[in-house]
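Chain nomenclature is as follows: A, B, C, D and E, assigned in order of appearance, with residue numbering initiated at 1 for each chain independently.
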Amino acid sequence: MSAVSVTNAVAAAPLQIVLPEWTAIAPVLILALTGLLLLTIDAIWPGRNGNTTFAIVSALGSLTALAVTVWYLVSGTGQVGGSITLFSEAIVVDGMALFFTAIFTSVAALVVVASHDYLAGHENAASYYSLLMFATLGMALMAVSNSLATVFVSLEMASLPSYALVGFLKKNRGSVESSLKYFLIGALSSAVFAFGISLVYAVTGSLLLSEVAAGFDDGVAGFAGVAGIGVLMIAGGFAYKTASVPFHFWAPEAYEGAPAPISAFLSSASKAAGFVVAFRVFSTSFMPLLDATPAIDWALAFAVLAVVTMVLGNFAAATQENVKRMLAYSSIGHAGYALIGLAALTAGGPHNGDVMGAAMAHLLIYGFMNTGAFLFIAMVEYWGVGRTFEDYAGLSTKAPFASLAMAVFMFSLAGLPVFGGFFSKYALFASAVSAGFWWLAAVGAITSALSLYYYSRVVKALWIEQPNGNLDVIDSKPTGLYAAVIFAAVATVLLLPGFPIALETAEAAASALFA
Amino acid sequence: MTTDETGNSGSSLVPGLAAVALFVVMAVAIVQSSFGTAVAFPEGESIVAHIGYAMFDLQGDMGTIASEGFLAAFLIIAIGLDVAVDGALFLAKREEEGSIVALLTDGGRELLDTAEATTAATAEEASMETDTPDSTDTTEGSR
Amino acid sequence: MAFEYVPAIVLLPFLSFLIALFAGKYLPKGGALAGIAATAGSLLLSIWAFLTVRSQGAYQETIYTWASGFGEQPWELTFGVLIDPLSAMMLVIVTLIATLVHVFSLGYMNDEGETGLPRYYAGLGLFTASMLGFVVADNLLMAFMFFELVGLCSYLLIGFSFREDGPPSAAKKAFLVTRFGDYFFLIGVVAVFATFGTAAFAGAESFPVLAEEAVAGDVTVNTFGFDPTTWFTIVGLLMLGGVVGKSAQFPLHTWLPDAMEGPTPVSALIHAATMVAAGVYLVARMYGFYAVSPTALAIIAFIGGFTALFAATMGVVKREIKQVLAYSTISQYGYMMLALGAGGYVAATFHLMTHAFFKALLFLGAGSVIIAMHHNENMWDMGGLKDKMPVTYWTFLAGSLALAGIFPFSGFWSKDEVLYEALIHGLGGSPLLLGAYAMGLLAVPVTAFYTFRMVYLTFHGEPRSDTARDPEPVRWNVKFPLTVLGVLAVTAGLVNMVPVQKVLGLEGIDYLHQWLDQSFDPLTAHHYAEVSPYSSGYIGGEATTVLVGAAVSLGLALGGLLLATQLYNVAEPTEHTAKLGAIKDVLYNNYYQDEFQVWIANRTRAVASVADTFDQGVVDGVVNGVSSVSLFSGSRIRRIQTGVVTNYAALLTLGLTALLLAFGLLGGWFL
Amino acid sequence: MVPAQYYLLLSAAVFCIGLFGVLTRDNALYFLMSVELMLNAANINFVAFSLFWGNLTGQTFALFVIALAAAEVAIGIGIILVLYRNFGSVSVTDAATMRW
Amino acid sequence: MIIEALIAFTFAAALFTFAVPNKYAGKTAFALSLVPIAGSLYMWSAFESGGNALTGGEIAFETVIPWLEIAGIQVQWFVGVDGISLPLVVLTTFLATLSIVSAWTPIDDRQSQFYGLMLFMEANLLGVFTALDFFLWFIFWEAVLVPMYFLIGVWGGPRRKYAAIKFFVYTNIASLAMFIGFMALVFGLGPSTFGLPEITQALANDQLGAWFGLAPETLKLIAFLALFVGFAVKVPVVPVHTWLPDAHVEAPTPVSIMLAGVLLKMGTYALLRFNFTMLPDQASLLAIPIAIVAVVSVIYGAMLALAQTDLKRIVAYSSVSSMGYVILGLIAFTEFGVGGATFQMVAHGLISGLMFMSVGVIYNATHTRIVSDMSGMADRMPVAVGILVAGAFAYMGLPLMAGFAGEFFIFAGSFDSTLLPYAPIFTALAMFGIVIVAGYLLLAMQRTLFGPFRLETDYEITPAPMHEIAPMAVLLLAIIALGVAPEVFLEMIFDAVGPILDNGGGL
């Protein structure tokens, strides 16, 4: 009853034969329309503070996009009859693109629902929601881009609104400072990324991924240096987007300073976006480099990055006093785990599809867990009880269900088998071991054991400590935030039994890339 | 513009060495690289026109110079620039009448009791708590 | 058909244990009646079994399979019953004395108004059941199991009045010392299983028979790389550990004197007649196995001889009546071990029987004296009880005469045969035995001396305290057991008057010898004689050696008796220990054995606390260290996030350049 | 025809000068200007190798890069404006309250 | 079908108990926990032995449902019971109910959460002992940690937070190491599913190819070591045991019963299932080091217990010592050795459960466990003390009690083991443990239970109530029954152990 067999059954008449080809990027279009719709509504009724209307519109928009994506995934568009390319191969719709679009839209929906309470009574809610929608649009475009040009443009499209969103609280110094740092490092990284693309263009003469691959097929003799620098700079650009070392410096401040729903959005959706682009670019165009002579062994580079990211993320998180900053570092750590998906690739290796598929599945579950955790912090901030572990003491007495959800998030982030996080992490380690990178899995194991320590610090604070008096401020239950947190928790728990469907679609999509 | 523009207000130049080092590495790599001969553009063709064709995926049927289609990028950049303008305007907008109701709390700043007039906390204070001079009131936005 | 009821012998006292434990509170006399009925029932069944053995010979049957192995370890761990002359005799002795002690307890415990009677009678019932289980055991594992259960019961009964400080620590010491012995015994049991694959005492496949065949070389067993005799000696000595522990022989004897903290009937039953005999009985039970290794026998003999002398000397200076008796028990069991070691299988069994009777008698006599003296055991506060307690006096005297080994009494015959066997086998060419014989001989006068010192101090002379002046009268339930045992102490010797047979040539009056020959062939006395490594040498003919040995031992005994009479049979006896000078406090402190064992205990606890601090400090320290190192490095790593964007940019570029350089060199871009 | 390495060298030089500007100044605007410079270095490469490879991909894409640089500046100025309103200065070292 | 029903029911019971108001939680949990006992007893009665589950024996109550595929290998819901796991399943259900009953007095806040977590842990434990697919087994293996963390963390003693987190992270690191090791082995073999029987068969007929530069032999050795370290922490074996005393002292009594009674057996069960069934040759290679570790565990554990002043720490360290015996039994690799080790797991589960229960009963009355604080407890609580003394003697290995049966089989089995050189010396050394055990238990009992009554408290020490005595009496009866008739479990254990020994390892 695995997912692949289901899709084969339905795929007798893939949608595309019925609908015209351009509808393949329907989810992207829906997101664009929602964004523009929000702008028009704001233009027509500027004064009216329609926080709820905007929230509903954006939620509907992202949910319809999600529905369409899932429908496509189930009906096998872009998977059964090969991927669909549009705009002279600049856009490609295949299993991976749809899989990641599903992640972005679901995270966006959660964040929108949560932000509804968070922005209650805020002046320009319209620009918040429109920026959010456009950022999701940018990410969806990154998922479907098949040329370095579209990659670069959609990456910028996704980053620009996030800079504004991080700095949304214009009167709050923390938010402003974090948006500044995020912007400056972002600008620097986009410059590095652009320079990398230019070098790759210099060496291959084209920007389309398939062309670049052709360019590299007959080796990089003579200009190995330039090609190498180009590849690594591109890797740097992706490292920025996925917040892995050494381009991670913006992450702790940005996640801590930004409003919590935005941190959730950034740490789950934009990180996944970084990975989808990295997976696509490196698996389609740079594979030949692995065994070319002289080899540009970027897999080893990613392995080093993965190890350092895991170590830095988890060790720095262990001694934080501020829960949100701890979660920021832990999300850096998780970027390290997902990097294993890239690091464990081998030229023509049989297990490439499994490893990348496992990483994709991990990103899906991580998306839910992480968003849920940050939304819980948003709720605590909404109540205004404070930020440190001591302030979180005894919250379970006041909000049992939310604290239970948070415990679910924490334990599944740590990789304990009671919830979804277990399978994704252990499937990733198992596939890394199957590809022979046992030492990567070992570092992952040690750091995830350490992560168990600081994740259980949160659970200890919530469930075991006694409240120290600062909890009587809690009077109302913010419905939107509550619903989002509970939904994310349910999704994490369901992903333990439901993990096979996610893993099979991911592995099918990934192996399609390497076929 | 800002008043403190007096000479080199930047900090020491040592970090600059990192840039120089990067340059040295790139230069070494570039110098040793060898490229073939350039394939220049055909004479008599209007480059600008062809850029236009490439911009709208017409390079296949209209233009003669080879290129890739950038229609997708063009559409994306259109929306992107609009988003940039929207973001910039939002950031730059100066709310005169009511002060923006900053959230009850936010990522890093808000102390629980905003009533206390916070003095400028010393910069090197270990914890990340920084005082916030702003006077956001935390009344629940009913407007 | 009597043999179907043999399991009943063991189960009846167990039943009384259950009744006393659960229903004791509601029964009159706290469950005593159930106990008496059960032990009496067992006595009758034992006598019936005894008679059936006389008529039909030995009988062996496996009743219950505890566990059965497979593959290369197909061992059958079973519970079975072996009734042969040796065990039948032991059954009768144990049940008889148990019944008498139960009756005596009525007087000692019930009449004195002790509390916790159900617990007492339950303990006695469980003890009798496990002792009988041990006696009828047909294999070594079952024997070991009941051996340990008996140790448990002695722990419970010694610690009966647990509310004071004394008894619990005495019980703990008793259990620990015997447990130390049982550790070696368990290794022996396991070694027997590993070597022979079976632990059965009787039958063609029993391990003593296999041992003999292995030594003879026509059967091969797993001897772990040693040649058979040395390996069997090692296993024999291992099992000797258990025997030495339980029968309170030299190194592990210290618990017996402390065990006197328990009520006197318990001392009488457990620490005189039955449990302490378990060790000797065990060696007798598998004597075929020991007969095969001469060195083991020699060591047993030497330990026996040495303990006899060693314990006797300590008995001389004791002030309490029960302490004297305790040391005399250790010494008498020394004699039995000497007999076993010297190849005198029948002599040892004979002395075991007679000693059981007169020692139980002496203990019960002491018990009745203690009742009279309102639980004051110090002999120097007694005196002159002779005319106030005639029954107790005369029976006590009979016991003492038997203990001292004076002519017509049972003690003489059995101790004399022990010494005789030791003498003739010693002369037959093993100097170690001669040395043991000499020590055994030396102990005879000392035994007589302390026995009669005790008699005179307690019964003769003027009463030295007002309780002694009008002692509490004792009732029938005290006097009846005393009289029965008194008769036995006097007549038990007639059973096996070997010297008379040898000197006067009357054939057939050594009934015990004939009795012990009726077992399965490998378990008979003459088989052991054939197999035993000793040959006997005589001083001019057998009859003369008998006469000479008997005369010498009797003379020495009388000498000891006269010395005691001369010193203590006066109106106002005084402590003569001053004459001993320096040896006095050595003897008082029992050669500092207790202090030595307490010292060892403290050393082990010191080592334990060192291990604990090591464990907390180092092993736990490493664990905590790892966590604190990782947390410390965590706090260091987070320091690189300085907050200033330009630092971030600088680190970013450095990271990128480092990456480029590393992979450039690795990938060979720059060459 | 100028050999391609020189263009590469030029663009690398411009790139590193921009980087130098980023690393040494602690004024946010300087940071912005330097990043613009680095983006233009990339443009040099694009245009140079568009000629080298004889296809217009490079040049068209250079336009896109310029457009995006402009968008970035727009957002950048917005952020620096808000920074100035809050911190009273555009120096990057002042806005360093969040660390570790 | 019954195993799924059992596990599903216990999960449902746990959820239901969470919802029940605190007042009734104890009683409902007890009632609900009777069903798993009935289930396991039914399985026991309907069990026909069919050799070892891993070496091709016929598995009882077996169900196989394919679930998902990871890196090309099929993960399935594969559960089944054989002679080794059935006794442990019965032990788990039995102890869980008794510990729930013994929790009625000490646990007086958030009861519904407590009993919910206890039932949740029981479900996971049932899963551990019945799962025969590696991933499924690993899920249950790790899932046991979470309820135990909360149980120690929320209801524990003063240093409960430290003890809970130490237990949590320590065992987690160990199981991660084990996971990596086993994964390397599995991917070297390349089986079609993660099923343990299939992996054992593949290992048996040597299908292990070189794996990324590691020769098969070294890979097997590395896998063996990783597995051994992973399980040694759970057993615990001496160098990695320091979490046990902390966890035991801080955990409330019912949790200690489950921790000592069942959780320690997960380690030894896994050692038997993985190390000694799948990789017997490696076991014979490392025979001496493992034997040394076993003997050190026995003697060192007993020595530590001798030096403790807290009753619970004494019992905790003695568990380390008894588990040392089990390791010795396993490494001996003989019929009685391995069979005895499995039997000792069950026996030690019952006996340590009884010891903790009785110490808990005394703690409920006196609120102190320090040996020097009290004396003469026998005077005031005769029945409870009586059972404690019986339990202590069971622990010392008094014959006709389960402890002696287990220990004697191990000693007899390992004395003439061919796989372990110098086996007699190792066995003799390990056997000295029974003397030290007697030493410290008697010492502790004499100082706390006997002598004149002395305890500085204002309230009156009354004899223990009925519902605290009942579980202890039931446990004591079980121990005696098992001691008198070990064949009840021994027969099926021997039947399951046989194939392991012929499978290999015999030199």
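As a working rule, a residue touches a chain if its C-beta (ideal position, glycine included) is under 8 Å from a C-beta of that chain, and two chains touch if they have at least 3 such contacts.
Here the structure is a predicted model, which means the values were calculated and not measured.
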- prompt: Chains in contact with chain A and with chain B: which ones?
  reply: C, D
Task: Enumerate, in label order, the chains that touch chain A and chain E alike.
output: C
Query: Across all chain pairs, which one has the most C-beta contacts?
result: A-B
- request: Pick the chain whose C-alpha centre of mass, unweighted, sits closest to the average of all protein C-alpha coordinates shown.
  value: E
Message: Can you tell me which chain lies farthest from chain B, using the average of the Cα atoms as each chain's centre?
response: C
- prompt: Which chain is most remote from chain A in terms of Cα centres?
  reply: C
Query: Rounded to the nearest whole Å, what is the centre-to-centre distance of chain A and chain D, using the mean of the C-alpha atoms as each centre?
result: 26
Task: Could you give the separation in Å between the centres of chain B and chain D, each centre being the mean of its C-alpha atoms?
output: 9
- request: Indicate the whole-number Å distance between the mean C-alpha point of chain D and the mean C-alpha point of chain E.
  value: 64
- prompt: Taking each chain's centre as the mean of its CA atoms, how far is chain B from chain E in angstrom?
  reply: 60
- request: Send over the residues of chain C in touch with two or more other chains.
  value: 627, 638, 641, 643, 645-646, 649-650, 653-654, 656, 660, 664, 669-671
- prompt: Do you know which chain B residues sit against two or more other chains?
  reply: 11, 15, 18-19, 22, 25-26, 28-30, 32-35, 68, 70, 73, 77, 80, 83-84, 87-91, 108, 128, 130, 134
Field: Contacts with 2+ other chains: residues of chain E
entry: 169
Query: Pairwise, which chains touch?
result: A-B, A-C, A-D, A-E, B-C, B-D, C-D, C-E
Field: Complex interface listing, chain C residues touching chain A
entry: 627, 630-631, 633-635, 637-638, 641, 643, 645, 648-649, 651-652, 654-656, 659-660, 663-664, 666-671
- prompt: What residues of chain B sit close enough to touch chain C in their complex?
  reply: 11, 15, 18-19, 21-22, 25-26, 28-29, 32
Task: Could you pull out which chain B residues touch chain A in their complex?
output: 25-26, 28-30, 32-35, 57, 60, 68-73, 76-77, 79-80, 82-84, 86-91, 93, 95, 98-110, 112, 127-128, 130, 132, 134, 136, 138, 140-143
- request: Name, in rising order, each residue of chain D that touches chain B in their complex.
  value: 1, 3-5, 8-9, 12-13, 15-17, 19-20, 22-27, 29-30, 51-57, 59-61, 63-64, 67-68, 70-72, 74-75, 77-79, 81-82, 84, 86, 89-91, 93, 96-100
Query: Okay, in this complex, where on chain A does chain D touch?
result: 149, 152-153, 156, 160, 163-164, 167, 170-174, 176-181, 183-184, 187-188, 190-192, 194-195, 197-199, 201-202, 205-207, 226, 252-253, 256-257
